[in-house]
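Below are two complexes that have chain A in common, paired first with chain B and then with chain C.
And then the complex of A and B:
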């Protein structure tokens, strides 16, 4: 969730508001939707009030395949007196960092909050040539780089010059991004990733299941999604600051604390509902090329898990979860890892017959919510609560739900029309206790009170 | 005592400022607010969120008796400039210094015959939202009638 200063939050939560959007192209130019001086915004650098209100960029997650869409932001700037045409023609802008921020009248410039920190991808004149459209894409675009050089010695990747990458999924993720792709450390949400990797979360601290022997070129994003995220049920999100971050398949050890509550007073329509496909079978192949990856490309180990209670209750799901991993290794703990991840998968998507997920009675419900613009601090990957007297409770059959905990898996802003749309995933977290802790400090031992930990 | 003077327009077509002084008063002069807003009504009906893009001020008036060999030529020159997108300064009262940066909202200039050598025209100006923009249309009306407060 975006956590701005209280003055911004108050202005954003007001029932009557005038959001002022600002689009900065590197340090080269700043375009705003309103005259900042006229609306009492102090401390702003030089700007031109020629920006039209953008639609905004969406973030969408495929929660099972663990892929995330690359967001695209389009900002249209009126070409007043040919100034923008001359600017675009005289300056190299593609590749620069572009930031769309929002503030409110009377706030200082420093209180403006970034909404999207993207990279300029292309700049085109509009139809009729009255304006220029800056097309920007989120930092995941940088991951579409093809890696063909060994990061440690600069030579071509080959069988004679393999790059060994091993560790937890967070270790592999950071190795690829920081060493292979060459992103700076500031481009990733290092603090949160270190916490995910640390003992406090009880997630990956004791797990080092991956050992990749990379001998040929690969595209970083595709590699991460196929080989790291899906076998770990992680998914990537882009924060409003432009940092890349990951979200785990279980809530933090402190519990799934909702950062926001959607209610009948901030939703504009009754949500549409759907269900995720039931998944109660998981098939794993690993030990590619032997236990160290050096003996060809065939898989050495095959593993299948089924959620028996779910199959008894619902039959076999219509989608099978399948992982063909080039990096999971038996000596590194691939068997227990695949069992653990499968259990997480079933916990979320096997219907909750008796897997401790709160009796979902089928696939995990997904809610399409349209809400007020004031909800824009809610971010993809956040936990939120939903309370509404008219939404049917598909778990109990009652009319109305209260405090139902859900995960944001899709966020679509529509700043032009002043509203937000979300997709919320309900995996039955409501009412479950957080992990129990024995001891304190960094060596505290966490174990689950419920079956989710 | 407020002084009622006719309005004037100052514009620069490229060779320096040109002043277009109203030689007769506008008719049905009314500035008004055109709100660009988006309303969200909650499902409970108890809360409405209004997201405001801007509260634009427009000025609409008619010139019912423009004379062919008197003020029409000056207005014609101004309209050819303003219809092409040129901005101008509108003084509601030529005796006061208050002025607003405006653009012409019309996309055509169509005279309506009124009497021999007299034609009627309708005009719609948009006041640009810059630091000179008045806080509300009432200020424009007061200035038109020479009220400085």
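And then the complex of A and C:
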């Protein structure tokens, strides 16, 4: 969720409003859709009001395979008097950080909110050469780097020079991004990742299931998605600030607190409904090259989990969750880890037979929602609530749902037409209590007061 | 009734402040505790078998969870079972092997036995004195006890 200043939120919530978009290319240029001075925007740096309203950039998550798409933003700037042509021809812009921000008349420049912070990928003139199109891609592009050098000694990765990476999924993620890819710490959402890795969340603080012995070159994004995210059910999101972050397969310890409520007042049409495939079988292979990873490429352990209630209710799903991990090791707790992750998988995608919020009676429902532009602070990975008197309740069969808690797994803006499209996943979080918390003093254990979610 | 674990537990160090008041009590922590308790039960195991000179103590497999030990996790102790020859390979059998005749002649002079702590190779020397000279033989059967300790 983007958290703007209150003045921005008030302006955004107004029924009649005129968003002003600003596209900054590093510190080299600032293009806006409106004349900022004329519309009362104070404190802005030098700008040129030649930007056409962009479509925006989408972000989509494959919640089971734990992959995320690389967003692409195209900003078209009118070439007034050939100024952009000359600027593009005289300045190296590819690789610079580009930011698309939005504000409203009367706000100060500091109150503008960044919507996308991307990297300039290429710049091309439009058909007819009347404008230039700045094509930018999100920072996941940097993860497409192939890592072939040992981050610690600079030598080639090989059997004689392996890179050992171990720890929690967060540890491995940060090791690859900061040491191997070479991103600065400011490029990742460090505060949240540290919280996710810390004792307050109780997820990964003591979990150190991975021990990788990397002897060959690898692409960072593919490695992270297949070897770290999927065996942990994590997925990556790019924040509006351009920072890379992760979302866990369960809500924060404080509970799934919706940051926004979609209602009939902010949706433009009735949502389209679909279902995720049923997942009630998980197949794991780990202990690659023996439990210490010393040699070979085969797997020493094979383990399967099935959700019996789901299979009894629905039969076998048409998809298996399969993990062939080169990093999970029995001595590091791979068995309990794989059991825990499988349980989380079944809890979300086995049809709700074992969930705490009622039977979903099939794969997790997915809602495609079209909403007004005012919903744009909602971000991929957020928990939101949906209340609508006309949406069928798949749990009860009644008409209308109230306060169903869902997860945003796709966000597609259309700034040109002033609307937003989201894909919301209902995995049965509604009504789920937050985690039980260790107490203090003589009543130290408080399991009776809450569920271990 | 023997101890049976359906999964190899592995050890996960749980930081001491995990259970500070105010922290979340999650299923992850419970599974770690359970795995650590199971790990503690099988952390140290003992195995035994009969071996003769030149044989290598086999890498044991835990009867509890089928954990395959590595050589670095083992130490050995032994005792003499027989100073005469073995009638055939022993290779860790737990059936008392037949006692063969001594291959030397004369008076029993001395005996030495060892299990190499790095390689697990068993070596025995049984010496005789007769006809004015010493004869060294590879006779001997040892009962080897393997003390296994999982390293992680």
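Criterion: the second predicted complex is superposed on the first by the 437 of 453 C-alpha atoms of A that agree within 3 Å, B and C clash if a C-alpha of one lies under 4 Å from a C-alpha of the other, contacts with A are read in each partner's own complex, and residues count from 1 in each chain.
Here is the rule we use: a residue touches a chain if its C-beta (ideal position, glycine included) is under 8 Å from a C-beta of that chain, and two chains touch if they have at least 3 such contacts.
No experiment lies behind these values; they were computed from the predicted model shown.
A.B. asks: Taking chain A as the common reference for superposition, should the pair chain B and chain C be classed as clashing or as fitting?
C.D. replies: On the shared chain A, the partners fit.
A.B. asks: If you tally the residues of chain A touched by each partner, is the higher count for chain B or for chain C?
C.D. replies: C
A.B. asks: Determine, under the contact definition given at the top, whether A:264 touches first (chain B), second (chain C), both, or neither.
C.D. replies: first
A.B. asks: Based on the superposed arrangement, let me know which partner A:202 touches: chain B (first), chain C (second), both, or neither?
C.D. replies: second
A.B. asks: If you stack the two complexes on chain A, which partner ends up touching A:37: first (chain B), second (chain C), both, or neither?
C.D. replies: first
A.B. asks: So in the superposed three-chain picture, is A:77 touching just chain B, just chain C, both, or none of them (first/second/both/neither)?
C.D. replies: Neither partner.
A.B. asks: Under the stated touch criterion, which partner chain does A:335 make contact with: chain B (first), chain C (second), both, or neither?
C.D. replies: Second partner only.
A.B. asks: Name the contact category of A:239: first (chain B only), second (chain C only), both, or neither.
C.D. replies: A:239 sits against neither chain B nor chain C.
A.B. asks: So, A:19: does it touch chain B (first), chain C (second), both, or neither?
C.D. replies: Touch partner of A:19: chain B, not chain C.
A.B. asks: Measuring by CA atoms in the overlay, how small does the chain B-chain C distance get, in Å?
C.D. replies: Minimum C-alpha separation, chain B to chain C: 41 Å.
A.B. asks: Spell out the residues on chain A that touch chain C in their complex, using ranges where they run on.
C.D. replies: Going by the criterion above, the answer is residues 199-209, 253, 291-292, 301, 303, 329-336, 339-340, 343, 435-441, 444-447, 452-453.
A.B. asks: Which part of chain A faces chain B closely enough to touch in the complex?
C.D. replies: It is residues 15-19, 33-35, 37-38, 49, 53, 263-270, 372-374, 388, 390, 417-419 of chain A that touch chain B.
A.B. asks: Could you list, by residue number, the parts of chain B that touch chain A in their complex?
C.D. replies: Those residues of chain B that touch chain A are 38, 40-44, 46-54, 129-131, 133.
A.B. asks: Would you tell me which residues of chain C are touching chain A in their complex?
C.D. replies: The contact residues of chain C facing chain A are 7-15, 17-32, 34-35, 67-68, 70, 150-152.
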